[in-house]
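What follows is chain A paired twice: with chain B in the first complex and chain C in the second.
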Partner chain A sequence: MSSIHNAEYQKRELPKKIQTIGLILFGVGLLAVILGYVQDSTRAAFNNIILYVFLASIGLGSLFLVAVEYLSGAVWSTPFRRIPEFLSALLIVLPFVLIPVFSNMSHIFHWMHPEVVSADKILQSKAPYLNSTFFIIRTAAFIFLWLVFYFFIIKNSKKQDASGDQSLTKKNIKISAVFMPVFAITISFTAIDWLMSLEPHWFSTILGVYYFSGSVLAGLAAATIIIVMLNENGYLVNGLNSNHYYSLGALLFAFTNFWAYIAFSQFMLIWYANLPEETFWFLQRWEGTWIIFTIGLIFVRFVIPYFGLLSQPSKMNPKRLLVMSCWILFAHWYDMYWLAMPNYSKDGVLFGWIELGFVLFAIGLVMLLFNQLAKKNNLVAIKDPKLQRGIDFRL
Partner chain B sequence: MSEKILYGYTGLFDSPDSITHAAEKAASKGYKKFDVHTPYPLHGMNKAMKLPTSKLGYVSLVVGLSSALAAVLAMFWISAKDYPIVIGGKPLFSFPAYVPVIFEVTVLSASIATVLTMLLIFFKLPNNGHPLHGTEYMKNVAVDKYGILIQAEDEKFNEADVKKFLEECGAVNISPVYFDEEEINHKHKILEPKFIGFLLLTALFTSGISYLTLNKLLYLPPFDWMMEQEKLNPQSTSTIFADGFGMRKPVEGTVARGYLPYAFKGQPEAAGENLVNPLPVSKSVLELGQKKFDVYCSPCHGYHGEGESRLRGQFPNPPSLHSEKVRTWSDGRIFHVITDGQNIMPSYSTQLTAEEKWAAVHYIRVLQRALNAKESDLQ
Partner chain C sequence: MSVVDYTKELSVIEGKPPLRSLDDLISKPLETKPDKKFYIALSITLSMLGLFVIGLGLTFWYGIGMWGNNNPVGWAFDIVNFVFWVGIGHAGTLISAILFLFRQKWRTGIARFAEGMTIFAVMTAMLFPLIHVGRPWLDGWLLPYPNQHGIWTNFTSPLLWDVFAVSTYFTVSLIFWYVGLIPDFAVLRERTSGKVKKLTYSIFSLGWRFSNRHWNHYEMVYLILAGFATPLVLSVHTIVSFDFAVSIMPGWHTTIFPPYFVAGAVFSGFAMVQNVLLIIRKIFNYEHIITVDTLDKMNKIMLVTGSMVGYAYAMEFFIAWYSGVEAEQFTFVNRAFGPYAWAYWIMVSCNVISPQLFWIKKIRRSVPVMFVIAVFVNVGMWFERFVIVVSSLSRDYLPSSWAYYKPTYVDFMILIGSFGFFFTFILLFTKALPVVSLAEVKAVVDGAQPSHKDH
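Moving on, here comes the complex of A and B:
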């Protein structure tokens, strides 16, 4: 009969160096961020937007994965569902990340200047949506909604660790069902507000889906990195094996293709219709050194992960899966940079210590946050009714 | 009657794990001709059975790549070579437009080729008889049991051994499968009346439905909303305007884009004095002039301008262009004849642009010079 696994989970302390490295990265990053704001506040604010959409991607993408697991009744991901749960705690940090941007908003969004709007027919007709008050209300409302769902879903999941009450799973399924449409709408409007409105004359109805596809990839890649590292060092339950890795890899592969499909759809329709009010956005990204960066995006975000994850062994081998997840997470930052930065640096790609500082800040923040949550909570949902079936999962 | 021949021994298991273990044991015991049957595909079974990697993937790869290439070449041939039409101001060979076509063709042909190769080559269709057909074993593995079959063809096959082996593995319902040589090799007829009748019925049904949908249903409300639109078609009457015309005349004095009114209508002398040929004499201009002259002028004036008409007397032949009169005319005077017509010759303004007319005038000068060369040309 089926082999018996040891579902007993022994909580182990994470190594101290995670906190040390996290603190160093966070400190160096924070210093660079502050110096960046002192030296060039507009450039720093643009980087801050990239940081915001990047962290929101990981947080929202992770919460989405948790909700999808509840809704679909999936068992294979239950043994490591805690990892995306911890990562979705990034949603709590989002308001603090936005504070410096809000103080520099008028440098970034030129639709915030009344004199620009009064001279521009298009911006006037967009003004009922694109105005500072409604923008801030929207952003605050979205973050509030995300936090509400985050707290309810995560609270129930943690409660189950203590009580083992199975009805909590049912409760979370109901909450997840409500979360899905809220997620769909808020993530689309987040992309419109923070990425599309950098160029308020431009519009692309698919940009919300584009950001969604990247967000799921980012959340999944971040979770996969942590899951592989924890499991290879024995911090999770026994019995997780190549079947689980394969499923993670297959999902990464699927969403890589989904991203390519959406990205190409966006490009092809704009290219085909050839309307000047749409094409200029791509032409901006075809200027100077941006052309290399734009063509590079096809390889960084699609070609390399595609061939990297195509074969079966590449999804089952933890080392190769780890490398590809790191690459996909990098590719998501690359993509966010590509979406936002050409509006600031119109002549060419700009990369300096400010940009690097924001990246270090993000990595350090995720490490510290994860370490903190891992100290307080179990790394495995030990009393989840689906746990044993998840460990026994075979393809 | 032919004898029943032993095909192999079968055994059933209850769980995917136990069948995987049984397959591992069978492989390590050295059985080569054995197979497992499961209600759904089991990952890792090929490893347990020690099967080599399937070659089927190469078929998909080769067919997929070659059909992608074929799609590129076909699109290139169709839209850039054989029938080049500029669409939406795009280059004739515009790759982004081809990507969906390439994608669809690749996926379609690769998947069809894979399935057909699997059926025809690996499964050896249309061989439609198999010893396992209709057995109790097959009915079980198609529902909820996991079965293993060790074929009698195997070198190590030995009834007692196999039975013992299956029992050791924990199989239940261990039973032999026999087959009949004749029955196996019996080819079922494909062209049965029942089958042909079914095909015909299907064809009739689908074509009937298509006909009714396309020719009847789409003309009934509310499905005709694409056809019956609240707009005026060209050449139709209108109740809005007093004169009843759906198509409106342009405002008085409207000039079409790129159209220049001719200032010397009916004034040949004034045209000859005032108009100057704006084109320089160059190879490209003369070639354009020759082309236009050969197309529009030569049917009556002849290829050399001597009035050698190709119209076989249906019209009176025009006078030669080499006469003293025409040779001494100014360029503008000839331009006027082409633009306004003369005697029986109509205006060619609808056929030729001003530039083409001036180029034709240059070419007429070339013809004249060829027949009446100057002294200096001979040196």
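Moving on, here comes the complex of A and C:
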């Protein structure tokens, strides 16, 4: 067994402003969230659902990326694997994010009203699945499962920082393998529960894959933003360069295309078959100002990132990569909003201080969480056996 | 727990064979006379091909009434075979293009063969749409050209999109395959002494002189073609899935069809590559080029894609129930417990259950076991298409016209014959061209690549 090269990593204190800005955003956001609930609890609860699926996608998407690195034996991402590891800690805050929703659930989900269900044959037939008890059990069980995998994978990775024991990598490969099927099932049913059942008559078999594609993009974009900013300011190991950036950009590009493929498949098949039990969902998103928003989705989520990341230099340029990652993260929020909000605001797009408050809350939360974890841990998995190969990685 | 050294990259080629020996080994089948075994194999595939010719002859002479198709089941073996063979082709592009973009070096030993297989599988597949129109002498009408009949092709039909998708895919695959072969043709040109052979290789090597500039251009073209082939491979099976999914037939119309068909195609393609390569590897002594590590990785991909297919089956079933639409619910219950339940359970056990054995490392690395599992997967994937097509059609919206479909001997002749067609080409390929890329394999031998560390 060859010796593990000691990468030159010196932990440096992160600038104070991360915490300050994070606290301000978080505070302002929280205030808006509370006022939002006071003023219009249904609208706030819808925003809260968007917040939940948004944070869950970053957390799950990041954990998925960590697991894929272990499973595929990829080396290029090892030097900055810690960043998605930190981001997957968002899974811990998910139960807290849901508390206000649980107290307002019947405003959001039609199928939770017994009188609505008793008048609706279709909802009656769905009742064994769509009922409040089972819904809460499912959500709790999913979050619990995610936390179990989060806990084990991250624990092993951090342990390796001290011991450098290669068998920990092996262990994580095994845990990641078990995580994959659990991830596939839980993320799909999360999409069905929290997005599809908002319009309980609608159904689409691909929605789980749709949410998955967006989640990977969200996790990847959030990680890329942090990685680029840290690396450009010298907080990571020396030797990370455009080859690594290119790989991140290429993945963002690939998943942007994958999202478009899935979204197109869903739209195309429903439009072509033209069955009223399916088309009404798209028609709702064609009402009033929603039509602009819906057409905008194609540009926001596909056309702009596609052309923004198409060429090789654009993937290698840290500035471009940073801008595009921020954009993709915004596009993910836009998409989640598009999936959820038309069920609340039927006539047109609704954007006010409540919506903005939830966004600020999310950004502040991610910043504070990252700052906290970055203080306690190394920003680089310093004794990962693949680290040196990762730093030496060239296209 | 066995200790793997994660600080080092695994070698793609076992041992450190001299480059010369690789050239000798890979070009040996081309430089020696075929032996008895080859002729026996060829006579088998040619006999199967003979069945194909007879089956088609009967079909064209008497019409497609020779098939088992009946009133609700107007589409059966013809489209099942088409989808099956197109699917087989997908592994080639996945291995040669998508794994190339993902920088998976282990693909090197198997890429050339898989690409070749793509071409033959797509050729086999393309026969079926031409046959199943019933009057193949009118196939020309599929092409949109101005004509005196005032007939214009139906651009809103996914069957026409198939014509474009499959023919584009075939063209790009062929170019991709040929571009990869150019440096190898040049090597063969240098090695051979026969006049005709030399002339042939010279023509096809396009004046390749191994210069730095040639390699530079070659790598650029290869990358661009890989970039083109990747969306194409997705588009082909997506459009094949549209053949079904744009309709309103329960069991056909479901939004997950496109990615589910693509995953299934890659799954079956890998199984076919696995089956044929295991034989070639043994006969040609390529055990150190197509290593057990490589096979292990292929099995992992089969496990992943097989599980994706299983996910799609489960999701379809769940949403059929969840939708509350009676016709949808009936179709899925009918699939699992109706008259075609036997086909459904063959499909589930072959496609979903058997690849789960690949979770066990010993099985992933055992050549005989993986061979058997790959056969199961091929059978299962054929049945998947059969289940989708036949079980839905035989019991659709109108119970008064339900009927049971039974294939005739002509159906079976054509099915067996298509294997004859495919394997005849495969056999000729193994004797006519290097089944492993000479240039690429030499580039991944340990020590062939410069490294910043002294290995």
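As a working rule, the second predicted complex is superposed on the first by the 389 of 395 C-alpha atoms of A that agree within 3 Å, B and C clash if a C-alpha of one lies under 4 Å from a C-alpha of the other, contacts with A are read in each partner's own complex, and residues count from 1 in each chain.
Note that in this section a contact is a pair of C-beta atoms (placed from the backbone, for glycine too) under 8 Å apart; a residue touches a chain by one contact, two chains touch by 3 or more.
If you're wondering where the values come from, they're calculated on a predicted model, not measured in any experiment.
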Worksheet entry | Contacts of A:389 with chain B and chain C, given as first, second, both or neither | second
Item to complete: May I ask you to decide whether A:314 touches chain B, chain C, both, or neither, giving the answer as first, second, both or neither?
Response: neither
Practice prompt. May I ask you to decide whether A:204 touches chain B, chain C, both, or neither, giving the answer as first, second, both or neither?
Written response: second
Worksheet entry | chain B or chain C, by number of chain A residues touched | C
Worksheet entry | Touched partner set for A:272, first chain B, second chain C, both or neither | both
Worksheet item: When the two structures are overlaid on chain A, which partner does A:243 contact: first (chain B), second (chain C), both, or neither?
Response: first
Worksheet item: Looking at chain A, which of its residues have contacts with both chain B and chain C?
Response: 1-2, 268, 272, 395
Discussion item. Using the touch definition from the top, list the residues of chain A that touch chain C in their complex.
Written reply: 1-2, 4-5, 73, 121-122, 125-126, 129, 166-167, 169-171, 177, 181, 184-185, 188, 192, 201, 203-209, 250, 257, 261-262, 265-266, 268-270, 272-273, 275, 277, 385-386, 388-389, 392, 395
Item to complete: Under the touch definition given earlier, write down the residues of chain A that touch chain B in their complex.
Response: 1-3, 243, 246, 264, 267-268, 271-272, 274, 394-395
Worksheet item: What part of chain B is in contact with chain A in the complex they form?
Response: 15-18, 42-44, 88-90, 96-97, 99-100
Response to the item:
As the complex stands, chain C meets chain A at residues 1, 3-9, 101, 103, 231, 234, 238, 242, 245-248, 253-259, 307, 311-312, 315-316, 319, 322-325, 359, 452-453
